[in-house]
Each structure stands twice: as C-alpha cells, then as structure tokens.
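Here come two complexes built around subunit A, the first alongside subunit B, the second alongside subunit C.
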Partner chain A sequence: MSLRSRVALGLVVPVAIVVSYALWSANAASPYFPPLDVILTRFRELWLFDLVASDVLPSLKNLGLGLLLAVIAGIPCGAILGRIRWMGEMFGPLLDFWRSVPPIMLIPPLVLILGIEDSAKVTIIAVGSFFPVCVATADGMRQADPTLVDAARAMRLGPLKTMVDIYLRAGSPAILGGIQIGLQAAFVLMVASEMLAAYRGIGYLTMQAQVTFDSVTMWAGTLLLALLGFTANAVFVAIRNRVLSWHTGMRVSRASS
Partner chain B sequence: MSEATSTLLWRPTGGVKLRQVGLAAAGFVVWLGLWQWMTTTGPMADTDGLPTASQTLSSTLELAGSSQLWSSLGTTLWLVAIALAFAVVAGIAAGVAMGFSPVVSALLDPISQVLRPIPAVVWLPLLLMVLGPAPELGIAMGFLGGVWAVLVQAQVGVRDIDPVILETSRAMCLPRRLTLSTIVLPSAVPYFATGIRISAAFILMLVIGAGILGGAPGLGQLILVAQQTGDPARVFGLVLWSGLLGLTFNSILTAGEALLRQHRGGR
Partner chain C sequence: MSDTSQPRLALTDLSKTYDGSTPVLDGISLTVGAGEFFSIVGPSGAGKTTLLRCLTGLMRPTDGQVTLDGIPLSEPSPKMSLVFQEYTRSLMPWASIGKNVALPLRARGVPRAERTSRVAKVLAEVGLSGVEAKYPWQLSGGMQQRVAIARALVTEPEVLVMDEPFASVDAQTRMDLEDLTRRLQQDHRMTIVLVTHDIDEAVYLSDRIAVLSKNPARLVEVVDVPLGAERDQIHTREVSVFADLRGRILSTIRDVQAQPV
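Moving on to the complex of A and B:
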C-alpha cells in the first residue's frame, strides 16, 4: 500500500468522528455535548495561556519532581535487590505486595497524612512511580552478559565501576522501560490527586467543572489532559530512543552479521 | 505497557525452599516492625492520619469479618470481569482485523497510536458526567484502560504467524474464514493470553480508581468513604486488602498464562 493511501485511510476515522460530532452537537443542543467551536474557544480562553502559570506549570513541576525522586531512589534500591541475593529474597516479596496496590489507592492514605499541598502531591507521585522503576532495575540486573561480568572481575574492576559500566548499562533498556511505566503512573497520580483533593491544577479545574455541570470547561480540560498525556509519553519515547541508540545499533549489527 | 507491569519479581527457582519463605516473611516482619517503631516511639509518633502498624493490622483483620468488604470485593471483581469481557472481545476483534488486513490496519492504527498512550483517568470527568457514579462508570473506565493491551498483543500475534503456513493455506485455496479460524486464531492464543493478563491488571486498577475518584461502587468507594470520615486505620487496612487482591489476581493470571503457554508447546 502506498504511503499516500495509508495517510488517506488513516485520516478517515478521526475526520469522521470530528465531523459527525460537529454536525450532531450543533443540532442536538445536549447540555453534555457542547458544539466543537464552543469547546475550542473555551480551550483557548483557559489554556492559551491564562491559567498556564497558575494551574498547568505547578502540576507539571510536581510530576517532574516526583518522577525524579522515584528514579533517584528506585535505581539504587532495584540494584541492591537485584544484585544482593538475600536482600532480593527478603524484600522482593514485600515489593511485589506494594506494587500490587493500585497506584490510585495510595492517594487516600497519603492525603490523610500529608494533606493537599504541593509537597504532598510530589510525595504521592514519587511513591507511586518508585515501584515500577525499582522492579525494572532489579529485573535489568539479570540482563548483564556473564562474559562481561567475568571480564570485569578478571580485570579487578571495583564494585561501583562494575555496577555502573556492566550491570546498569546492560539493564538500561529495562530500567528505561520501568521509568516509562513510572511516568504513566506519575501522570495518573498527578491528575487523580488533583481530582480527589486539591485547590488548583488541571485535574482539579476539570473535576470542578464536572461537579458544577460546566460541560464546556470540562471538555476543554479533558482535551488538555489528553494532549498532555500523549505528549508526555511521546517526549519520553524520543528521549529513550536517543539514549538507547547504542543498544538498538548493537542489535541491528548483530542481526545483520 | 511492558511486561513488567504484572509479572512478579519474586520467582523462586527449583521449587519454593524454606529459606526463601523464611526470608520473605522476615522482610514483612522488618517492614511492620519499622512501621510500628516509627509510629509509636520513633520520629513519626502521633502523626495525624498515620495509624500504627498494630492498629492497621487489627483493622485489616476486622475488615475480614465485615460483609461490607466482601460485597465490595465482589462488586469490584464483577465490574472487572464485565470490563475485561468487553475489552477482550473488542481488542481481539480489532487487533486480529488489523493484523490480518492492511486496509483495516491503515484505517485504525493511527487513531490507536494516538489514544493508547493517553491514561484512561483523563476520561473520568467526561464519563462521570454522562454515566454518574454508577457501576457503568467502573466498567467504562476499565474498558478504556484495558482494551489497548489486548489489541496490541492480538495485532502482534497475528503478524508473528509463520508466513509459510499462511502461504500454504493460500496455495491450498483455504477460504479466508477457515484460515482465520483454523490457523490465525489458534496460533495467536498465547499472545491473547499475555494481552489479557496485562489488560486485567490495568482494569482492576481503573475499576478501583473509578470508585475513588468518581464514587463508582466497589473497593474504591469503600476507601473513599473511609477517607472522608477520617478513619486512618480503616484506610490503611483497605490499602492492604487491595494489595492482597492485586497480588492474588496477578498470580492467578500469570499462572493461567504460563499453563496455557506450556499446554501449547511452550512458545
């Protein structure tokens, strides 16, 4: 199939959805489904760029800070659990247990202890995204090539250098996969914690609009959240591919040789 | 959505040994001991909203005897089952069609690429407005979060079929319907199983999430009420129950998937 027909076919469904929604909402006058142009106008009024500094940037800062803390804590913890056998056997099951708690379930207890300030949000995000990073790192330790490990030992590489150059490097695809899941968890927790208990933020405004039956603002907020969710993932995938280009390159050269 | 979302870290090799069970138990004891010390004499004593480990454990046991917990767990699992059924049917139908036909793939792949990375929680206010705090809210959220894993795995499963087999079936003039039912679907079954396992974990999370954020019935609603009435021991007890539920749920699904793969020649 040519590229042109692929693009044409790919546009069919989105265009059909947008056109049918526009036609239907223009006539139906349903309070839940306002016309498209009204939603877009509200989107521009709210998010370009009136509330960006007060409600969007603080949320994103919490997201970035929380995820950063999770990565800083998760990689060493995962490395310890993955490399030191008795530690892994002792705390692996505990970690499995905590990882099985749905992340959103962590919000009510942490809100009770920490309240609804920004620091509480950062903690919630950090705790929820810690588990995927830690588990992926522990798992990634198993990816190290035994020959390289032996070589490192023969060359008397120090433990720290062996860790960084052999284990973490071999585990980096797994670790980045874990950070990607962590980012998804962090985004969910950012939005959910704002929906549940906050005084500002996109999640808060969108949920507040829903409660007060302001469907136009609700739609505009949903649109922004969807855009942010998509963009966050796309940016991460781009960074990951760049960081891992050595790994992909190695796999390709291996496959072709 | 990688593998790491629901497989377990703890994978004892060569049978479970006493040493491993002992160490695992010791891990839990260390955690509870540390918690108890922190909240009674340690630096976090008398923190508002933070129960001690013993308070939490007694509330966890107390919950085991309450019919409210069991009926909430039942509701949650029932909603998960319905959402999973929808996600599996829709995901497999769309995924197989996309893997099988380049036209369907060109038609649906772009929109799936755009919608898949968007966390389902984003749609909650919209669904809450339309559906209200009803069981349907949990089902819809679960479906939106879970359908993608099945779809992607079904797509990959169909594309991974040995092309020689497909060409043989074409050479023997097997009708498309028969090719689908005797070759494509059976060989993609292990992929469906993986998709269902990953999807079910997402759905459980979102059904509970719909309860916490939107008041849909089930475990999530129970913890929301406990939080609003300010009962920390009960909130923490429910968190422990949700961990237990998630762990059991994932273990059963992982075991089921392994069994199916083994049965089908260990692919």
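Moving on to the complex of A and C:
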C-alpha cells in the first residue's frame, strides 16, 4: 500500500470523530461538551501564542532536559547491568520491581523532597524515564552476535570501542525502543506533575480550568496536550527510522533472499 | 620473514576440556611453517572450532600451549587475522563496507586518511573496488565473504586463520573464493590455516593437511600435498595425486569415525 493511501486511510477515523463532535456539540448545549468552534477559538486565544513562552516552552524544556538526563544515565547503567553479570543479577530485581510500578507514583515523594520548581520537574521526568532506557539497554546488550564479538576480540578492538561500535550499535533497536517508552513516561510525568504540583504549565492551566468548571479552557488544554504528545512521538519515530535504516534494510534484504 | 627452521605457529600438546565433561581436544601437537597453506580437516563435531578458538588466542586451552613465532599466545595476536564462516554474522550490518573493513585499523588507531587509502587498496585486491558506501546486506554472499577477507587482510597479517570460510556460498562462488585465497596467500606470502570439513577443498588449496579424529579430537596424521604452487580448478582436480590424496584422507576419516567412542 502506498504511503499516500495509508495516510488517507489512517485519517478516516480521527476526522470522523472530530466532524461528529463538531456537528453534535453545535446544538448540544452541554456544560461538559462545548461546541468545537468555541474550543478552537479558546485554543487560539490561549495557545497561539500568548501562553507559549510562559506555560508551554518551560514544560517542554523540562521534558527535553529530563529525558536527556535519563538517556545519558540510562545507557551506561544499562550497558553495565547487561554486560557485567553480577551487577545484572544484583540490580535485576529492582528493575523488575520498577517496571511493574506506575511512574507517576514518583510525584508525591519527589515533590515533597524537591518542591515544585523546574528542577524538581526535571528530576521527576529524568528518574521516571531513566528506567525504561536502562532496562532496554541492558536487554540490548544481548543483541550483539557472538561471532561479531569474537571478530572484534580477534582484531583487538579495545573494551570501550567494542562497547560503542559493537554492543551499543547492535542493541540500538532495543535502546531506541526504550527511549521511546521513556519519552512517553516523560510526557505523562510532565503533565501529571504540573496537574498535581505547579503554578504554571499546560497541565496546571488545564487542571485549574477543570476545578473552576471552565470546560472550554480545559478542552483547549487537553487538545494542546494531545497534539504535543502526538507530535513528540512522531518526531521521535522519524529520527528512529533514520538511525535504524540499516536495520530495516537488512530485514528487507534477508526476507527477500 | 623468519627463517624456516622456526615454525610460524606451533601447537604443543594442546588439550581442551569444558568443565567436567569429556575432553574436546586431546594432546594435539603440530607446527605450521611460515608461508605455508595448512588445512585442518576432520569429521563434523570433531572440535575443529574449539581448536581454532584455541590457536587464535580467543580461548585458553586447558593444557598445552600455542606459540606464534616462538612467543606463547595468550590472547589474539596483531599478527593474526580471522575469517569466519558466517559473513552475515561477522560483519556489522549497521556500518558501510568501508567502515567494516576499516574497523581493525580503527582498533589500532590508524589515522582516517590512511584508513581510507588502505581500505580502498585491499578492496581492490579482493575485486570489490568502489563498494565502500554500500552496506553488507546489499551485497551477495560471495561478495560479503570477500569483504570479510578484505577486513582480515587490511592489517597485513602474517597468519590468516579461516574457519569454514566458503561453506555458506554456492559452488561457483566457492571456487572463485578458493582461487582468490590462494592468490592472496602467494602475493602476501602469508601463512594460512584453514579449518574445513571439505576434503576436496583442503587438498586443492593446501601444502599440508592435518586430519583429526573425533571425541576427543586427536591428531591422526599430517599429509603432504605435493601438487606444486600453481593450482587450477579444472586440471589440479584431475591429476592422480589429487584423487589419491582425497581418497586416502577420506578413508582415514571414515576409519576414525567408525571407531567406537
């Protein structure tokens, strides 16, 4: 199926939902479901672009910084846990525990300890998205082919170069998958921490609108969050596909041979 | 080049036992001279790969030792290169051919400009000029194995060790690669140690052949191959010496396989 027809087919359901809502809400007079054009007008008033500098960019900066810290720390930690057996055995249960716990659980204790400043938000996001990156990197260490590892040893590639050129590259599909999960966790934590403990930000404004029964502003904020989340993921997938073009190419060539 | 009185590679009473089980290699002693094409054949499951891992320094033998130019080998030597059977697994699918071939030079800290020129030169030698920007999976199996050979040659090794290098390619490609290997050996005056289960291939390529038994692998005999330096895929395989040697080695292997374990 061509890209164009896939995009067209994928748009059918979202467009149908939006159109149905617009038609239905225009005459619904429900306090919970304001008409679409009212929501879009509020969206434009608030988010294009009056509050972007004060309430959107700082949130996104926290997100980016937190995720960056998670990646910088998560990859080396995962590499160590994946490559050094006793370290993996020692910390494995902790990672398994963490996997089964919702990351927003972090918010109350970290807010108590660190407060509600940006640095606290960055920490919450970094800690929450660290674990998926770390776990995926540890798993990715097993993706290196033993023959290639032997080849690297035979050519006396040092331990650091073997890690960077062989293990991390071979594990990059898994690691990028972990970063994608980390991005989703980071986004949830960014919004939730603003809803629960903040004095600005999209999450804060949306939550404030909800508690003051301003359903129009609430929906405008929800719409913005949805668009931001979707865009962040789409950008990430585009980058990942570029980085992993070898992986796709290899699979296609093996499938056809 | 060292003088011929000292072997390039010497295995002395080499044994390998994995924890607690029966030995895989039992007291193997042999020497390979400088510039020699030496093959190791044996029934499948004879521990040829274990032997190869020990003689390249990838694995420590339980007993005995390997010396390269008289110096005991405890880890892979910069004088030695390896070519594996499975090119799809020994090349890096995420790196271009140029980067794959340059990897051993990167390991040695050779500057980029020199890497590029040496990679181009060695790719030309294996008949693959100008493929630097391609990826391994874009090439045929035979071409990928040429890349693996180029990567092994780029460091100008004195000893090239090959583990069933032509077992995964079709018959025509296999002959081309055999002749390429023979030509490269003579051009570079390299010592080659070839591990194979294919007796025809061993006779066609080698100066001498070691025959191994199975369970555990012991050295049964070392056979001289008096076929001269010039070999030809059609004529060499037709001469009576070729047929005699082939038959002799085959019956030796059949005998050792028939023995009770």
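Keep this in mind: the second predicted complex is superposed on the first by the 237 of 257 C-alpha atoms of A that agree within 3 Å, B and C clash if a C-alpha of one lies under 4 Å from a C-alpha of the other, contacts with A are read in each partner's own complex, and residues count from 1 in each chain.
Keep this in mind: a contact is a pair of C-beta atoms (placed from the backbone, for glycine too) under 8 Å apart; a residue touches a chain by one contact, two chains touch by 3 or more.
In this text the structure is predicted, and so the values were computed from the model without any measurement.
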item: Clash or fit, subunit B versus subunit C on superposed subunit A; value: fit
item: Contacts of A:Asp165 with subunit B and subunit C, given as first, second, both or neither; value: second
item: Partner with the higher number of touched subunit A residues, subunit C or subunit B; value: B
item: Touched partner set for A:Phe97, first subunit B, second subunit C, both or neither; value: first
item: Contacts of A:Leu157 with subunit B and subunit C, given as first, second, both or neither; value: second
item: Touched partner set for A:Asp145, first subunit B, second subunit C, both or neither; value: second
item: Vertex subunit A, arms to subunit B and subunit C (CA centres, degrees, nearest 10); value: 90
item: Touched partner set for A:Val12, first subunit B, second subunit C, both or neither; value: first
item: Contacts of A:Tyr32 with subunit B and subunit C, given as first, second, both or neither; value: first
item: Which of subunit B and subunit C A:Phe230 touches, first, second, both or neither; value: first
item: Superposed arrangement (fit on chain A Cα atoms) - minimum subunit B/subunit C Cα distance in Å; value: 17
item: Sites on subunit B touched by subunit A in the complex; value: 1-2, 4-5, 8-10, 19-20, 23-24, 26-28, 30-31, 47-50, 102-103, 106-111, 114, 117-119, 121-126, 128-130, 204-205, 208-209, 212-213, 220, 223-224, 226-227, 230, 232, 235-236, 238-239, 242-247, 249-250
item: Contact set on subunit A toward subunit B in their complex; value: 1, 5-6, 9-14, 32, 81, 86, 88-109, 111-114, 132, 135-136, 138-139, 174, 177-178, 180-181, 184, 187-188, 191-192, 195-196, 206-207, 209-210, 213, 215, 218-219, 221-222, 225-226, 229-230, 233-234
item: Residues of subunit A defined as touching subunit C within the complex; value: 145, 147-148, 150-158, 161, 165-166, 169-170, 172, 246-247, 249-250, 253-254
item: Touching residues on subunit C, where the partner in the complex is subunit A; value: 53, 56, 58, 75-76, 78, 80-82, 84, 86, 89-95, 103-104, 106-108, 135, 137-138, 151, 155
